[in-house]
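One chain, chain A, appears in both complexes that follow, with chain B as partner in the first and chain C in the second.
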Partner chain A sequence: MLRLILILPTIIYCIPTFAKTIVVGKNQSITTIRKAVEIAKNKDSILVLPGIYKEGNIVINKSLTLAGQNFPILDGENKYEIFTVSGSDITIKGFQFQNSGSSAMNDYASVKVIDAKNIFVENNKVINAYFGIHFSNSSYVTIRNNTITGSPAMEQTTGNGIHLWKCNHALIENNRISGHRDGIYFEFVTESMIRNNYSTKNIRYGIHFMFSHYNSYFDNTFNDNGAGVAVMYSHNVTMERNTFEQNWGASSYGILLKDISDSRIQHNSFLKNSVGIHMEGSSRIEISQNIFKENGWAIKVQASCDDNNFYQNNFYGNSFEISTNGTMMLNKFYNNYWDKYEGYDRNKDGIGDVPYHPVSMYSMIVEENPNALILLRSFMVSLLDKAEKAIPSLTPENLIDDKPMLKPNKL
Partner chain B sequence: MLKLSKYVLYDIVRSKIILAYTLFLFLVSFSLFNMEENSSKAIMSLLTIILIVVPMISMIFTTIHYYNSYEFIELMLSQPMSRRKILLSEYAGVSVSLLSSFLIGVGIPILVYSPDAIGFSFLFTGGALTLVFTSLAFLTSVIARDKARGIGFALLLWFYFALIYDGLILLILFTFSDYPLEKLTLVLTALNPIDLGRISIMLKMDVSALMGYTGALYKDFFGSGSGILFTVGIMFLWIILPLWGALRIFKKKDL
Partner chain C sequence: MKTAMITALISLLVFASCSTQVEPFKYGTDICYNCKMGIIDPKFGGELVTKKGKNYKFDDVGCMVRYLKSGLLEQKDIAQTAVINFEKQNDFINVNKAIFAASDAIRSPMNFNAAAFSSKDAADKFLADKPGKELNWNELYNKIE
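And now, the complex of A and B:
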């Protein structure tokens, strides 16, 4: 009778889920994760106790929940890919992955997911990996609260922090990525969201988008990356409330837009970048309510861009505000605040009566002859700019803000 | 010599022009810092003052002072004193008064509102330019005999350094744009004290723009320890060489 009382709750507990928890640890009956995965059935959980596990490559192809207690260390000994995952409904959380192998032939990763669905990778630490977390051909995946720290070598010998290829419906949030080639890399990824991530000191880009449509990224911070953030060959991308700061260097940008269309860039802050936004071949982009502060160039719009709207942005203390490489201008600028505006407002509606020319003569000169940067802030240059403002001849005459604001826009 | 400098200094202070100059600099820089809500914009307007107004005033003031005290110089020459000492004490008197009015007029507002690397590069550049253009003015006034020609010559020289020279650089950059010109532009800027001062300030101000493109080269050069030494050294040469030339001419001159 007593025995029945003891067993009954266990039976009741087990019946509805048919799942059990397998504990892995040095002093347990099962000492390796590999063995645990082998004997586990679908929907089982594996709890890994603290310790160092050097088990080479572990393949997970059942619907399991793998959880680490106090970050057990999974060491790839610089040779192996640690987890190779495929299937559906798999959760991996609470591990510390370190020293996964690197290879010029294979994209080794700490966690590699192939052909999968409903995957959660949460609360992990990835240290010194080639690729951190690598997904391909997967859908409905969540990558959350991970810290991925690489040891930056050269661009060719370092992989990406979070790499997604041909995925959809991914959610990437609250991750912290540093020291990789690209912080987050998207290729052929659709309908996904990246939010609240912090991407810093990566060798190339903070985020790199290629051929990825209908994605959005919110509230991320990109700081001190090799070349900022690159968004290429995509459409319907939403970028809001991100902070781009201190992306310094030759060919370094806050955002690099190449062949982007039908997208929105709103409520972002661009601080102290060499170039805030660099646009090439982009069309139908709404760029509004952003702050551009103390950048070298706030926005570089190549003449290949059309139908973009720039409005209600605030520009403060940028060395150059807008620069372009041609006299054609098919974009609209209105209601921006330019701290260099010198016009007046007679009817007191807060909008300046004189249009503002954000492209200075000197920025055209520098565009054509970069050596002329040595004359920045020269008296002669300001004289040239004044003359050009009075009688525009070289700067694109239709690149004007018709309704410049006298006071900064409230954002 | 010290005594003579003291007389020169006393004479300058008594004329009150130097006091007006100090007050002008002080009021302008104080109001600039007060007017603009972000001090970087004030710094930009101040840059124009330092690169344009300070050299001009230094030059014109020195020239006028030299011609006005011509009789005093002649009197001194009748005394047992070397010509070298007389000219040097004149230089010391003029440059000390101009330098101190700059340091009071611009230095105090900068110390109050912006005591950082930018502020100190302003003070360095302004001070150095004051000394450079004082000694250039001595050279021109020693060469030209009458006052009108001397002032004209001084103004022309100021105009050349402040404006024409940069135009020439731009012309060269465009004419030879097919060649690598980075090294050449470095040399060319060293040949104009105003450009040199401007670049040393700019490196502190427009760091982000300069980090991109060819700017990185200038940044590497002027921003490094040896670059700073180079800037200071060239400025020093710009002070010494014209003064030395003026001394040579003055010694042999038939007054």
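And now, the complex of A and C:
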């Protein structure tokens, strides 16, 4: 009897579920995706053959797998949201979504998912959308291998490439996003991961976190966006092995940190940005093993930041290394390599014997009066900087690296 | 004639630099003075103009209220306090003439979720099918921490 009880579930499990595949195509008995979704039962698959489908808005609320063969085109004719999805266990793959509608009042998207669980959106192309892929109130979702390309007529007429609102356990990987407002936008999203994405030429940020805790992003590249990544009003965010490059402009940053705590920024590269990291109101952040190369400012630490540790980073060819707007400094700097360090090492332990002051006097003046930047390379300014290094008066006295490395840290 | 023109030019320069007019938002370029976020959503925002002609732009009316409450700018130095009309981009309304709709159906950039309208009718119409309520500037100001 006991054995039977044990075996019974296995037998039930092994009974085929008779999930069928519905084929949609011009010469098939079913020619529209809407019809296929209507007759499908849970766990069925719908295979869409190549072609152009203009069906307006299609609502999917059953557990289905929708797959496109050779990227059938789903055209929203600039009026419709193409897929509106809710429910659980739904996969959407291999489609080309184009021209989904835009509206000032509604966040129209090519694929919009609401109140859902276990959703996969993968291997799709999204062209000329308002919002690309939009999730709200969902959990356990995967967004993978999609190419999302926006072409906004004006800066303000575009939504985000991948937009998540009130979601958890999301995985976003290997996507390529360009021409949107924010490449990837997180609001009230927790325990999620963003990796291996390429975010370029977006109008505002590569990734934008708002009120989103316990998330991580790594191995992403952010190139030529309005600014790289904005992390705001969040805690426990891990940022690793990302590349931030070419974020040029008056208000452009590699990373903007605003009211962030208990987070890590490690093993990233910051190349040729106006500002590598701009931080305000941030506490308990470990910033280590990063490379800062040829930025205008490597790091701007506002006086509202405390208890942050900066160590084992390498700084090369930055116009300003650290700048701040206060005279108090409650952050620690140690074991960084500064290419402008001119000290010596008599005991040959690889650590300079004289502390390094990474804040130049002139950066303090520029902080007060940005127009003064024009005199940066003048003789007077270098003279003042040298004098300040010898006898600090304007720069925060305790903002020093007292163990500067003589050679770059091995990363 | 020449002198008149020069005088006109000079006065133009002098007055232009001291203008206390609101400056339209340059979407995708301007950043919020309070939260440092890029301004891009044309439905929301506000602007303060000081008597000396300096413009402070905000992406969300909540950011403007927070900045006003921070005391970094004194009330007596402010020439204009305006908000963006929810229905029309870059149309500024004096805060005392605006009617605000506060609703969870609104998602503003900084999550304060209030939209400004030029008339009570417009706000009524907007809220007809949504939960939420109408506030005037003082009520909104006091509501935001």
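Note that the second predicted complex is superposed on the first by the 393 of 411 C-alpha atoms of A that agree within 3 Å, B and C clash if a C-alpha of one lies under 4 Å from a C-alpha of the other, contacts with A are read in each partner's own complex, and residues count from 1 in each chain.
Simple rule for what comes next: a residue touches a chain if its C-beta (ideal position, glycine included) is under 8 Å from a C-beta of that chain, and two chains touch if they have at least 3 such contacts.
Bear in mind the structure is a predicted one, so any value in this text is a computation, not a measurement.
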item	value
Partner chain(s) touched by A:A227 [first = chain B, second = chain C, both, neither]	second
Contacts of A:Y205 with chain B and chain C, given as first, second, both or neither	second
First, second, both or neither for A:D339, with chain B first and chain C second	first
Which of chain B and chain C A:L376 touches, first, second, both or neither	first
First (chain B), second (chain C), both or neither touched by A:N347	neither
Chain touching more of chain A, residue-wise (chain B, chain C)	B
Touched partner set for A:S29, first chain B, second chain C, both or neither	neither
Partner chain in contact with A:S251 - chain B first, chain C second, else both or neither	both
Intersection of the chain A residues that touch chain B with those that touch chain C	249, 251
Footprint of chain B on chain A - complex, ascending	248-252, 272-275, 294-297, 316-317, 319-320, 339, 365, 369-383
Chain B residues touching chain A - in the complex, by the definition given at the top	38, 40-41, 44, 47-48, 51-52, 162-163, 166-167, 169-170, 173-174, 177, 181-182, 185, 189, 195, 198-199, 201-202, 205-216, 218
Residues of chain C defined as touching chain A within the complex	27-31, 35-38, 40-43, 89, 107, 111
In the complex with chain C, residue positions of chain A that touch it	104, 154-156, 165, 181, 187, 203-205, 210-211, 226-227, 230, 232, 249, 251, 256, 258, 278, 280
